[in-house]
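Order of writing sets the chain letters: A, B, C, D, E and F. Residues in each chain are counted from 1.
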Amino acid sequence: MSIQQFKKVGVFRCGNIASSPLFELLLDELADRQDLKTRTVTTGAKMAVEDVEEALPKIFEFDPDLIVFISPNPSIPGPAKVREKLSGCGVPSVAISDAPGKRVKADLEKQGLGYIIVTGDPLIGARREFLDPIEMAIFNSNIIKVLAITGVYRMVHQEIDKLIYAIKNGLSPVLPRLIIDVNCIRDNSDFKNPYARAKAMAAYELAEKIAEVNLQACFVEKESDKYIPLVASAHEIAQTAARLAEEAREIEKCGDTLKRKPHSKDGKIKVKTSLMVPPALDEEFYRKPA
Amino acid sequence: MSIQQFKKVGVFRCGNIASSPLFELLLDELADRQDLKTRTVTTGAKMAVEDVEEALPKIFEFDPDLIVFISPNPSIPGPAKVREKLSGCGVPSVAISDAPGKRVKADLEKQGLGYIIVTGDPLIGARREFLDPIEMAIFNSNIIKVLAITGVYRMVHQEIDKLIYAIKNGLSPVLPRLIIDVNCIRDNSDFKNPYARAKAMAAYELAEKIAEVNLQACFVEKESDKYIPLVASAHEIAQTAARLAEEAREIEKCGDTLKRKPHSKDGKIKVKTSLMVPPALDEEFYRKPA
Amino acid sequence: MSIQQFKKVGVFRCGNIASSPLFELLLDELADRQDLKTRTVTTGAKMAVEDVEEALPKIFEFDPDLIVFISPNPSIPGPAKVREKLSGCGVPSVAISDAPGKRVKADLEKQGLGYIIVTGDPLIGARREFLDPIEMAIFNSNIIKVLAITGVYRMVHQEIDKLIYAIKNGLSPVLPRLIIDVNCIRDNSDFKNPYARAKAMAAYELAEKIAEVNLQACFVEKESDKYIPLVASAHEIAQTAARLAEEAREIEKCGDTLKRKPHSKDGKIKVKTSLMVPPALDEEFYRKPA
Amino acid sequence: MSIQQFKKVGVFRCGNIASSPLFELLLDELADRQDLKTRTVTTGAKMAVEDVEEALPKIFEFDPDLIVFISPNPSIPGPAKVREKLSGCGVPSVAISDAPGKRVKADLEKQGLGYIIVTGDPLIGARREFLDPIEMAIFNSNIIKVLAITGVYRMVHQEIDKLIYAIKNGLSPVLPRLIIDVNCIRDNSDFKNPYARAKAMAAYELAEKIAEVNLQACFVEKESDKYIPLVASAHEIAQTAARLAEEAREIEKCGDTLKRKPHSKDGKIKVKTSLMVPPALDEEFYRKPA
Amino acid sequence: MSIQQFKKVGVFRCGNIASSPLFELLLDELADRQDLKTRTVTTGAKMAVEDVEEALPKIFEFDPDLIVFISPNPSIPGPAKVREKLSGCGVPSVAISDAPGKRVKADLEKQGLGYIIVTGDPLIGARREFLDPIEMAIFNSNIIKVLAITGVYRMVHQEIDKLIYAIKNGLSPVLPRLIIDVNCIRDNSDFKNPYARAKAMAAYELAEKIAEVNLQACFVEKESDKYIPLVASAHEIAQTAARLAEEAREIEKCGDTLKRKPHSKDGKIKVKTSLMVPPALDEEFYRKPA
Amino acid sequence: MSIQQFKKVGVFRCGNIASSPLFELLLDELADRQDLKTRTVTTGAKMAVEDVEEALPKIFEFDPDLIVFISPNPSIPGPAKVREKLSGCGVPSVAISDAPGKRVKADLEKQGLGYIIVTGDPLIGARREFLDPIEMAIFNSNIIKVLAITGVYRMVHQEIDKLIYAIKNGLSPVLPRLIIDVNCIRDNSDFKNPYARAKAMAAYELAEKIAEVNLQACFVEKESDKYIPLVASAHEIAQTAARLAEEAREIEKCGDTLKRKPHSKDGKIKVKTSLMVPPALDEEFYRKPA
C-alpha cells in the first residue's frame, strides 16, 4: 500500500465522556497502521456554540475521509451546532455520545449521521465541593476500564473499522445506528465464561446507575449536604464497577480464553485467544461487513 | 472578567502517554472556568515528521497564549520537529514527556521550552500478540489512575495553572523545568497519612519498573516466546500499581484527610480536606508563585 | 417490670424479602429483653389469598399488642388480603415492604396501617435456570448485609421500638409512614466517616439497581439466552453491594467510630461508639419519640 | 397434581441459629412448587418453656404432614419441651440444631425424631457491649453464606425433600440422623474443583472455631476487657469465613462448573452445571432415596 | 561497652516450627547490635536422637551465655534429649515450642528450663500428596506473618531481650514460663485500634485451628481421599490467617498508630509510633524487668 | 539404602537473605528423607570476618558431602572469607546469594565454587526508624512467598537435588552456575496458565525493584525525611509482590494445574498436578541430570 492510500479519520471532540479520551488510539493501538491516520481537534471541557464555531472548521481543513464527533449530550446547543455542520458536509460522519443522545436519535438519522450511543458512559459528579482535577481523572480511569473490558470500546472500534474498510474498498459505508445498552453487551461481548460476562454486564449496569445518581446530584439537589454524599456515592460506584469489570477479565485469564483483536499493519483486524499463540486474520469480522 | 479575557491554551499531542489523554480536562475539570479555554490538535498514535508538519500549524491558528506539547520520547524526529517549531514561535511553550525526555533536557532548555518529565509514565507493551485496542485502553486506565493519585497530575496542572496566572496578571511566566520522579512524589504529594504516601510512592516505583520491562520486551527480545510473557507481566504490574495507588487514596478517605483542589470559576485554585466542608482559596498556592 | 408487662409483637410474613427473615431478632438481638415477646406466623414462599386466610388468624390468637406484616409487593391479592384484615382489627399494624409498596401508599394510609417501604430490598432473580436454594440463600445473605450495614435495619427496629415504647407507656402510637430510599440513608444513617456513608449509599443504590435488572429478567425477557445473563448479573451486583457495604463498615472500624445500639433488658436502646467502652442509654433516641 | 395433593411442612422455631431464618425458602426457592406448602410458627429470640407452650400448638392446628423444629442447643428446657411434644405427636418430625445438639443425639433417637446437627452453625457473640441488632444481622448474613456455599443448606433441603418425596409417594419416611461436620462437607459437597472444596471446608472449620471462641467469651470470661475482644474476634472470623466460602464459589464460576439444583414445579429436584444450559431431572438424587 | 562484652546466644534447632526460621534475626534485625552475637546450629528437618547427639555439642563449643532451643513437640525423643542435655549444662536455657509443648510444661520446669509455648504455631500438612518444598515454604511464610503481626514474635524477642539485659547487667536471669495463647495476644499485643486487635486475635485463633485440622489429617485419617482435602483446607486457613493479620496491620497504618520497637546499637529496645518520628528508648520496657 | 548411606549437606549462613531461612527444609520438606541429612551453622545477622572464623570450622567438623553457603553480598569481607575457605576445602560447595553476587561471578568460578544468584532477593529496608523485628519478619515472609511461588525455591532445591543425586551415584557433581533473573523465571517456572506465569514474573520484577529502592534509601539518602518514605514504599512493594505471587498460584488452583514436586523417602523427586491424584516419579527431572 503506497502512502497516498492512507485514509484519514477526523475526530472532533467537545466536552468529555469516557468514550472520548482514547478514541483515536483504539483505531491504531500499535501505532503502526499503514492505511490510516487520525487528526483530532478538541475544545477541551468547553462545549459552547462559539467553541464549536472556532474549532470545528479545522477538521475540514484536514480533508478527512470520515469524521467522528464525540461529545456528551448531543441535544444541547454546542453539539447541536456540530451535528448541523456535519450534516451537509459531504463526509461520512458518526456521532458518539452518552445516554442523553437517545433523545436526538431521530434527528441524527434525519441529519444523515451515524451514531453510537453508550448508555453506560455516565455523567461525572461535577460539584465543586467534590470534583477536582484528580477526582475527575480517577473517574475517567474507572469508566474507561469499564468501557474497555465490557466490550464497548470493541464495538466502537469495530464499527469505525468497518467504515474504514468500506471506504478503502470503494464501498458505500453503512453508518452505524447503534445503542450500546446492557442487552447489547450481553449479546455482543467477547466473553467465553458466562460468569465473566455476567460480571461485565453488572459493571455496565453499575455505570448506568452512576448517571442516574449524578443527574440527581448535579441538577436536582441544591444543598451541598444533600448533593456531596450523592456524587461521592456515584464515584464509589464507578470504582466498584471498574473492579467488577476487572474481575470479569481475570476470569477469562484463568481459562486463557481472553480474546484479543489487534489491528495488523494493513488495518485488518486479527484475532487470537490463547496468550502464547499468534493472532490470525479475523475471518468472521470480514465476513460480516461484506 | 469579560469574555475577551479568556486565555487560550493550545495543546498539541503526537503519540500517546498516560499524561496526555486527560490533560486539558485537568485545567477545567468542572467545565465552568471563565478565564481559560483550551484548543487541542492531535495526530493520534502517529508521530512522524509529516504528521507534525500537517497538524502543528493548526495550533498556531488558534492564537494561543500558551502552548503545551505532549508526546512520548521527545528525542525522536517527529517530536524533535515540534520542539524546533515551538522554540522560535514566540508563545511560551511547555513539553510534557516520559522518561526518555531526560535525554533532551539540555536541548529543551536551550530551545527555551519549559518541560515536565514524568519518569513514571511508562512505555506500553506494544507487541501485536498482546496489545489490542482493549489492552491498550486498560493499560492507560491503570496508569492514569497511578498518575492521578500519586500526585503527578496535581503537579502538572499546578505548573500550568501558575503559568496561566502569570499570563493573566501580565507577569513573565517562569517555564517549569520539572522532573517528576519518586523523590518528587515523596516531597510534593498531598498525602496526610505517611503510609498512604508510601503506598503511592510504591505505585509510582512500579510504574517506573513497567517502562524497564517493556523496553526489554519491545526492543530487545526478538522471539514471541520471550517477549509475550514480558509485556504481559508489565501490564500485570500496571494493574497492581493502580490498585496500590487506590489503596493509598482509600487510607486518606479513612481519615477524611483527602485533599481536593478544584478550580473556581475565575480559575483560582481552591482547597479543601474534610469532604463535607466547602473549599477555600488555596492561599499557599498563590503565595508561592508570587 | 413484672412478667405480665411483656408486650407482644405479632409478626406475619408471606413471601420473602430480605427485610423479613431476621426481623423479630432485630427487636431482641440478645434474647434477654424482658418487656417484649414476638410471635411469628409465616406462609413461607407462598403468598396466595388461601395461604393468608389459613395462616393469618393464628396471629390474632396470640393476642398481640402490635402487628407487623412483611411481604413483597403488597398490591397483589394475598398481601392485599392481609392489609384488609389488619385494617379493621383494632391492633396497631405496620406493613414492611419492598419498592412496589410505593404504589399502595395511599391505600395503606386509608387503611390506617403504618408502613416502611424499603426501596433497596430488591426482587430476586427467580429464574429456574439460575435460582436454586443455594443461590437464593446467598442472595438473601448479600442483601441482608446491605440492609444491615446501610442503616435500613436500624431504622426499621427503631420505628418498631418507638411504637413499643409508646404502647408500654400508654401513649398513642404514631404509626410510621416511611420510605427508605437512598436519601433517607444519607440523612439518617449512623456513619461518622463521610466516605463510609458514601460507600453505604452506593451499596444501597446498587441494591435498587438489582430490582430493575431482575424485573426485566423475570417479567420481560422470554428467552433463557436473554434472561439468564441478566439474573446472573443482578446477583453479581448483590455480591458487590454486600462487599461495598462491608467496606463502609470497615472504615468505621478503622476509626473506632462504629456506632452500636444494643437493647437493654428493659427494652431501652443504648448507644456506644468506642468498642471497649460500655453502652449508655441513648438519650437522643428517647428525646425524639417523646 | 390437584390442589389437595399439597403436602404441608410445619416449621417451628424457637431462638435462632443460621440454619433457621431461610429454612422454608430452601424448600420452595422459586415459590412455584405445587406439591408443597410450609407453615411456620416462631417465638423469635425467646426459647423458654412458656414460649414453647404458647406457640407450638399452632403448628399442630395447621395439620402438617411433616414437622421441622429448629433451635439452638436442644438440650435446654424450651427445646426439650418441643422435643417431648413432638415425640408422641404422630407426625414425622425432624430437629435441626447446632453443635450442642450432639449431646442429645441418643435422646432424639429414643424420641423417634430425625435430626440434622450442623456443627458449623456457631453461637453468636451475645455480649451487650458488642452485639446490637446490626451486628447480629451481619453475623447471620455471614454464617448463612457459609452454610449455603459449603453445602450445608443443600444437605438440609435434600434430606427434607427426600422425606416429602416419601410422604407424597406413600412410602414410610426414613428420618435423617445426620451430623454435618467438616468430613461430611468433604464427602458430600458439590464442588468440582478440589481447591474450591478445600476453601469451603476451611470456611466451615472457621465456623466451628467461632463457636469455641464465643463459648469462652459468653460463658467463661467475666470482665468486659476480656470478652469484648473475644466476641469481636469471633465475628471477624465469621466475616473471613464468608469471604473464603465466596472464594470457593468463585473458583467454580471460573470453570463454569457451579452445580445448581432448583426445584421443579412438581417438587422434583433438577440439576445443572453449565450456566447457559437448562436443568434436567436429578436422576442420581431419585435413585438414592428409592 | 567494649568488644569483649558481646554476649553470645546459642540457638539450637531441630525440626521446624514457624517460630524458628527467623528467630535469631529478631534479636538483631538491623545487624548492628554491639552487645550481642548469635550462633546457631540446626539439624534441619530431622529431629532424631542421633541428630541431636551429633549436632548439639557444637553449641556448647561456642561457649554461649544463653541457649535457646527451638523445636516442635518437645516431648518426643530427640527434643527430649536436648532438654535433658540442657538441663544440667549450667547455661541459662529456654525452650521455644508449639502447642504440644504444654504437655511437658512440668518437666521443663523441673529441668530448670525456661519456655515459651506458642499455641498458634501449627503443625504443617505433611502429606506427600500435598506438601512439596514450595507448599512447605508458603505455609511457613503465612504463619511467620501471623506470628509477626499478632505479637508473638514481639513477645518472644522481648523475653530473650530481658534475659540478655539481665546477663549483661550481672543480674540473675528469670527464665520465662510463657504460654502464648489467644488470651495472651489479647492482653499483650501492641494494637491501638481495638478492631485491629480483634482481627489479629482472629488470625491467631485460625492458626490454632490449623493445628487441629492437620493433626486429624496427618495422624488419624488413613486414606488419601480423606486427608488430602483436610491438609489442603488447613493450608487455606493459613493463607486466610495471614491476610487477616495483614488487615489488622493495615488498620494501624490507617491511623499511623503502628508501634515499632527497633533495637538500638547497644541492644536497648527503642519504641516509636508515628512513622516519621524517630524512636525513643522504651522506658516502659526497662521499668518492667527491673 | 542403609543408614550409612545418608549424605550430609552442610549449610553455612552469615547474614540473611530470603533465600536462606528455609533452605534446608526445601530439601526434606516431609522430614522423612532417608538419603539425606543437613547440618547448619549460622552467625545470625552478623557477617564479619571474625564471625566467619569462629563459626565456619564447625561445618567441616560435620564432615559434609556438600556445602551450601548462603549470604547477602558475597563480595564483602566476611562472605569473601567464607568463599576463600571453601575454595580449597575439597568438598563440593555452592554459594547462594542476592544480586550483588553477580559482581563476584568470575571470582566464584575461579574459586571452583558453584553459585546460584537470586536477583529478586532484595536488600531489606534497614533503617532504624522503620525496621524493627516485626517489620523484618514480615518483609521476609513476603519475599519468601515470592521466591516460593515464582519458582526460585524450586530451582534452588532442584539444583541441590541434582548434586546430591550425583554424589549418591558416584558421579562427578556439576556445580551450578545459575543466575535467577526474570528471564530465568519465565523460561523455567512450572506455571501452566500463561497469565499465572505473567503475574509471577511481575511479582519477581517487583522484588528486583525493591532492591533498587532500598539501596537508595539505605546507602544514598542521609536524612530520615528522605529515607523513611523510601524504605516504607519498598516494603509496600514487598507486600504487593507477595499478593501478586499468591494471585498467580490461585489461578493454577482454579484449573487444578498446580504442579507439586515432593521428595520421596529415598530422595527422588516426584511430580503431580491434579490435587487428588498421587505423585509419580519425575522422569523428566532424572533424564536431565543424567
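FYI, a contact is a pair of C-beta atoms (placed from the backbone, for glycine too) under 8 Å apart; a residue touches a chain by one contact, two chains touch by 3 or more.
Keep in mind the model is a prediction, meaning the values are calculated, not measured.
Visitor: Can you list every chain that touches chain A and also touches chain F?
Guide: B, D
Visitor: Could you pull out the chain whose C-alpha mean position is farthest off from that of chain B?
Guide: Greatest centre separation from chain B goes to chain D.
Visitor: What's the call on chain B versus chain C, same or different interface residues, using the half cut on shared numbers?
Guide: Different, since under half the interface numbering is common to both chains.
Visitor: What is the distance in Å between the mean C-alpha positions of chain C and chain E?
Guide: That pair's centroid distance is 49 Å.
Visitor: Centroid of chain C to centroid of chain F, CA atoms only: how many Å?
Guide: Distance between chain centres: 57 Å.
Visitor: Using the average of all C-alpha atoms in each chain as its centre, how far is it in Å between chain A and chain B?
Guide: Measuring from centre to centre gives 22 Å for this pair.
Visitor: Which residues belonging to chain C are in contact with no fewer than two other chains?
Guide: 194-195, 198, 228, 232, 254-255, 275-276 - these are the residues of chain C that touch more than one other chain.
Visitor: Please list, in label order, each pair of chains that touches.
Guide: A-B, A-C, A-D, A-F, B-C, B-E, B-F, C-D, C-E, D-E, D-F, E-F
Visitor: Which residues of chain A touch chain C in their complex?
Guide: On the chain A side, the touching residues are 182-183, 186, 194-195, 197-199, 201-202, 205-206, 208-209, 213, 226, 228-230, 232-237, 240, 243-244.
Visitor: Once bound in the complex, which stretches of chain C touch chain D?
Guide: Interface residues on the chain C side: 11, 15-16, 21-22, 24-31, 33, 37-47, 51, 54-55, 58, 61-62, 126, 128-138, 140-142, 144-145, 147-149, 153-154, 157, 224-225, 228, 232, 239, 242, 246, 249, 260-264, 270, 272, 275-279.
Visitor: Hey, which residues of chain A end up touching chain D in the complex?
Guide: Counting only chain A, the residues touching chain D are 193-195, 198, 251, 254-255.
Visitor: Taking the complex as given, what residues does chain E use to touch chain B?
Guide: Going through chain E, the ones touching chain B are 253-256, 258, 274-276.
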